[in-house]
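Each of the next two complexes has chain A plus one more chain, namely chain B in the first and chain C in the second.
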Partner chain A sequence: MTQSVKNKNFSTSGLTKSKNRFVSQIVIPLLIYNSLGIFILGWAFILMFYNYSPGRLGGPILGLGGSNPFIGLGNFSEMFQGISVKSRLFLVSLKNTLVFAFAVLPLNLVLTLTLAYLLEEIGSKFKALYRAIYFLPVLMSSVGVAIIWLSMYDPQAGWINAIVRFFGGQPVAWLSDPRAGFLGVSVALWAVILAYLWQDYGYNMVIFIAALQSIPQDLKDAALIDGATPWQTFRLITIQLIKPTFLFVSVMTMLSSFQVFDIIQVMTNGGPGNKTQVLMLDIYKNAFRYQNMGWAAAESFVLFLIIMAITLFQMRVLRTDWEY
Partner chain B sequence: MTAMNDSKKIALPSQKKSSGFEEKRKILFLILLTVGLVATLLPFIFMVLTAFKTNTETLRVPPTFFPQNPTLDNFKKIFSDPNLPLLRFYGNSLFVAGFNVTMTLLTSSLLGYLFAKFEFKGKRILFGWFLVMMMIPSHITMIPSYLILAKIGLINSLWGLIIFSAVDAFGIFMIRQFCETFPNDLLDAGRIDGASEWQIYWRLVIPQLGAPMATLGLLSFMGNWNAYLWPMIVLQKNEVRTLPIILTWFNSTHTGQGGLIAAATVLIVLPVLFVLVFFQRWIVKGFVTSGLK
Partner chain C sequence: MNIKTYRLLFVFVVLSLTFASCTAPSQPTPADDAKVTLRFWTHTNNAFNAGYDALIKSYQDEHPNVTIQRESFDYELYLQNLQTAMPAKEEADILQIFGTWTSQYYERLAPMPAEIMTLDEAENQFYSAPIGGFTVNGQLYGLPQEFNTEYGGVLVNKTMFEAAGVVYPPVWKTMDDVIADAVKLEANDSSGMMSVAGFHFTAADPLSFSFLAGIKQRGGDYWNADRTGFTFNTPEAKAQLEFYMDAVQKGVVDPVVFNDTTNFVIDAFFTNKVAIGYIGTWAIAEGLTNFPDFSDEWGYFFLPPIQGEPVFVADSGWGLAVSPNSKHQDVAWDFVKYVTTVTANAESFNIASGTIPALKEVAKSAKIDEEMPWVGEALGTLPYGEYLGNMPDRDLVIYEIIYPHLLNALQGVETVDEALEAINTEANSTF
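Right, the complex of A and B next:
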């Protein structure tokens, strides 16, 4: 008896030892790698309190200090006073980003939920094919999408203007006319919004399809037996039951549209007259073209705060307390 | 069970009474969906057709749909352009994507398994760290990462796209979730048979992870292949650039030559798009289950 207990103890301690060795063999290199991450985060955090440009010779530690002086919250106060050129550009970018995100969100949700619903309802052999084609732009590089839409929007030879002419309208310089506007938003921004929607809707659509498929058929049948119309069933049952997905999808859409970069950089690079300048583009230009890295780090932090705020807000508003 | 479902469906009053209405509704839906389908496909078709047009034809107003004198000149020009060695750029993209996918798969499977099946000091803190990393957008870390690369001389090197991408928080979460369903008995059986912990990971755990690893690998490949902002910052010389950056460079240096740009887009974007379409089912699955994008 004692013998076997001893043996057992011996073997488990041997096991724990080899387990511990395994853990430490993974965790120690990981900690070294993660300390690089912490270093980067810390650096990003410190940078926003400096007037830092990598071209200038600064102090001994990370080039901070000296001709890259510490200015405390100087970047932030300058940003929101809106007097200097770069702070005015920041405010314009902030506004454009907000317009972009709040235009994309409802358009995207209505489009994707409708398509997902229709696709679920036809329930035929077409379904797989349709879904596959709708999903194509999601798989494509956003640069490819941007270049396709550049040629679509071409003022002379583009297809959009060909359609406009066909219906007797005046051709529009979609991406280069700073004065043209619609609903108080410049036409160029609408044009990139449309291209962005085209690229992105397949993603939310497949997620909605998965959510719709998970709704028990019994519930819909019960509603139909009680004499509900399809629209009532959709509004009162489907919409209610996919609320968690709705939350998830709207958060993801908001987050990605607040960080939109590729498609706008290629299509307009912020033009015409900064009408499509969004925050990511402003951050990129300040950091890597004008070498205003302290300023860009401060802008990044503002964007980060917005993203966090939206996430928390949406989680509160769309929270559901029950399951099915 | 299916028989029961069927009989229930037949018994439904609304479907029995108004099957004509149902039919019409379905046809209406199908028409709406087809409109969306055409809107999705047409831009692709325009691009492909434009690639076969002569340059004068691409400037015509209104634009022609089918090329009037279909020509391969655009493609020939691209293949003979010494500034556009496509194979080299494919190689660059493939190198970065291949390396990063392999690293992501290795670290995600190892760490996911570790977090699911092992107890150790500081596990919660370490796990929390990855949660935080998942919430930090890349634009926050972009500037210091660039400064580090500049310091160690990795600007204009493909390694610059690799050294910060070894660990992927999403991948760890995904694999961890999967590993938690493993029976501990299986792993213990391996231990009793005298396998070392690394052997257990390699011989028992990895073979079970086929499905999530395939999904993770595909998503990671897609992300790397289509990456734009970070490669654009790091790679400032043409010969080291990856495909998306080359495509924008080509686009901005050939303005007004629509046919040429379309042909370049076809050559750079479409081949891998076709490959990804083939794997679409797994990619969709990954999107739906992980919310990774």
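Right, the complex of A and C next:
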């Protein structure tokens, strides 16, 4: 008995040591790695209270103070005045980002859910092929996608204007005419939204397909027996049961739309006349081209707050408290 | 090892990293003096870097103990590297710097030692516009290699001139002559969209710098008296912008289809979409390299002033500076002096890179005229060049304020008065 207990204690102690060692070996590198991220976030948080430029020497501690002075909430108060060029560009970028995100979200959801539903409901031996074709743009680099669309939108040699000319229409400078608009939004921004949707829709479509496949067939059969039309089945059963997926897709699409950068930088660089200037591009330009890192950090914080507020709102509206 | 040992190890690693990042760079040891390795950062431009490589080789041949390692970055990436490396004191020993950047970076650049060159000596040897960019508060922080002028020079497509029956080489006594020729050269496709711009002057640098030059030539200035603010809402600025509006009205260019992002001058000229393209000489080497199939005959000419003397402003040009964190500043400065002030070396760089000389002595060289006749055309105008002035943020003022509002006016989005008022207000808000 005594020997047995002793052995048991010895074995437990050995296991604990081994566990501790394992945890330590995993946790320490992770802590170091994460501390870098935390340092970067902390640094950005500090910078937003300074008029900081990396080109200036500043004070003795991390270059803060001196020629990089502390200005408290100065960046934020200037941001919403709209007088300086930084402020004007911030407000324009904020507006464009909101338009972009709130246009992309519904268009993306309608397109991807429709395609996913059609692919799932309409049986076809080419289903896998269609799925692969639709998913292909997701695998392409954003820069590549931007260059493809850039050439298609070319006012003189692009094939979109070639089609317009073929039908006797007036060609449009899709990406460079600041006067052209549709529904109160610049044509250039619509053109970029279209390119972005084309690249992005395959991803959400695949997620919706997975969600649709997980719906028990019994429920649909029961609805059919009860005399439900296909539309009623879709609206009252399918949509309701994929709500958690809807939430996930909505949040992720909104997040990526607010962070859109590369496709716009390559296609328009914010033009024409800042009609496609979005927040991420403005942050990038301020931080790395104009060296206003303090301002860029403040803009990043505003973007963070907006994304957080919208995500919380989406989670509140689309939440479900059941599983099947 | 138990958990305590790991904790101690973790604390040790963190403290070591912290101390390592906080301590000053070590001083050179005697052994370092024998063998010197310098890092040299440039932006990616094949023609420029070919010029640098030849000079690095000849310097190393003369100084066998010195090795210079050149590293190049794309323009945008280079800016990011400077901004992140400088605060971390990790930048290269020798830095390629654009003159107008100096006023933003001078606190992080080594002041030039008097024994290398004094400001007076530099002002005697270099043209005032390029050397002005490397001078802040009376102190030199580097030396220029080129006179970057975006003003006055145009690429001209001889084949198009002859096809349209326009006299070649052009005889332009006034800007009205240029506009008259351009009207004959522009062409539209069957749908009415401009297919050939007669005179493409609507890219960012040409439009902005010719606007500033036009203000000066009309007797005005965009700086206030003590250079503490801008004055863009002046009669001279209005007259200059109205001149451009008139040119667009006459149809020499459609600024919606030809601007900085759509049909940029180099791409458009070398793909036969532009008859007269306003661009600096630097574009020639790039265009010929990037469009080897371009077969039209062409020339490079200088425009007449809008009125009076051909005074213009220039924003310095590329040159070299030294890091204050370099362990071998003396060798780095010696290399900078070797590249920029030895006439033969400066000349070889200008020929390799297709740039206008910053050194007055090189500008007198017959070889420049022989190798680059288009640069020869520019040499006569160089004495009229003034430095742009140390703006709080040159890129922000030129590319986010002046150019967008000028283009807005030309595209019909803003009136002349609205554009100038916006430029004035926003440019002054950068101080």
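Keep in mind that, in the parts below, the second predicted complex is superposed on the first by the 322 of 324 C-alpha atoms of A that agree within 3 Å, B and C clash if a C-alpha of one lies under 4 Å from a C-alpha of the other, contacts with A are read in each partner's own complex, and residues count from 1 in each chain.
Note that contacts are C-beta pairs under 8 Å (C-beta built on N, C-alpha and C of every residue); 3 or more make two chains touch, one makes a residue touch a chain.
Just so you know, these numbers come straight off a predicted model, no measurement behind them.
**Q** After lining up the shared chain so the two structures overlap, which partner does A:88 touch, if you call chain B first and chain C second: first, second, both or neither?
**A** second
**Q** Between chain B (first) and chain C (second), which, if any, makes contact with A:182: first, second, both or neither?
**A** Neither partner.
**Q** So, A:148: does it touch chain B (first), chain C (second), both, or neither?
**A** So A:148 only meets chain B here.
**Q** Does chain B (first) or chain C (second) touch A:230, or do both, or does neither?
**A** A:230: touches chain B, not chain C.
**Q** Would you sort A:289 into first (chain B), second (chain C), both or neither based on which partner it touches?
**A** In the superposition, A:289 touches chain C alone.
**Q** After superposition on the shared chain, which partner residues are touched by A:21: those of chain B (first), chain C (second), both, or neither?
**A** both
**Q** Of the two partners chain B and chain C, which one touches more residues belonging to chain A?
**A** Residues of chain A touched, chain B against chain C: more for B.
**Q** Looking at A:53 after the superposition, I want to know if it touches chain B, chain C, both of them or none. Which is it: first, second, both, neither?
**A** second
**Q** Which partner chains sit in contact with A:33 here, chain B, chain C, both or neither? Use first/second/both/neither.
**A** It touches chain B, and chain C stays clear.
**Q** So, does A:266 touch the first partner chain B, the second partner chain C, both, or neither?
**A** first
**Q** Need the overlap of the two footprints on chain A, from chain B and from chain C, as residue ranges.
**A** In chain A, residues 20-21, 54, 156, 165, 288, 293 are touched by chain B and also by chain C.
**Q** Okay, in this complex, where on chain C does chain A touch?
**A** Against chain A, the touching part of chain C is residues 1-3, 6, 9-10, 13-14, 76, 79-80, 83-84, 86-87, 101, 104-105, 107-108, 189-193, 195, 256-257, 259-263, 273, 393, 395-396, 400-401, 404, 407-408, 411-413, 425-427, 429-430.
**Q** Under the stated contact criterion, what part of chain B meets chain A in this complex?
**A** 5, 8-9, 12-15, 25-26, 29-30, 32-33, 36-37, 39-44, 46-47, 50, 58-63, 110-111, 114, 118, 120, 122, 126, 129, 133, 135-137, 139-148, 150, 166-167, 191, 196-198, 201, 222, 225-226, 228-229, 233, 243-245, 247-248, 251, 258, 261-262, 265, 268-269, 273, 276-277, 280, 283-284, 287-288, 291, 293
**Q** For the complex, which residues does chain A have touching chain C?
**A** 17, 20-21, 24-25, 28, 31-32, 53-57, 63, 67, 83-86, 88-89, 155-156, 161, 165, 170-171, 173, 175-179, 268-269, 271-274, 285, 288-291, 293
**Q** Per the contact definition, I'd like the list of chain A residues that touch chain B in the complex.
**A** So the residues of chain A in touch with chain B come to 15, 18-23, 26-27, 30, 33-34, 37, 39-41, 43-44, 47, 54, 62, 115, 118-119, 121-122, 124, 126, 130, 132-137, 139-144, 146-152, 154, 156-159, 162, 165-166, 198, 203, 206-207, 210, 217, 221, 224-225, 230, 248, 252, 256, 259, 261-262, 265-266, 280, 283-284, 287-288, 293, 296-297, 300-301, 303-304, 307-308.
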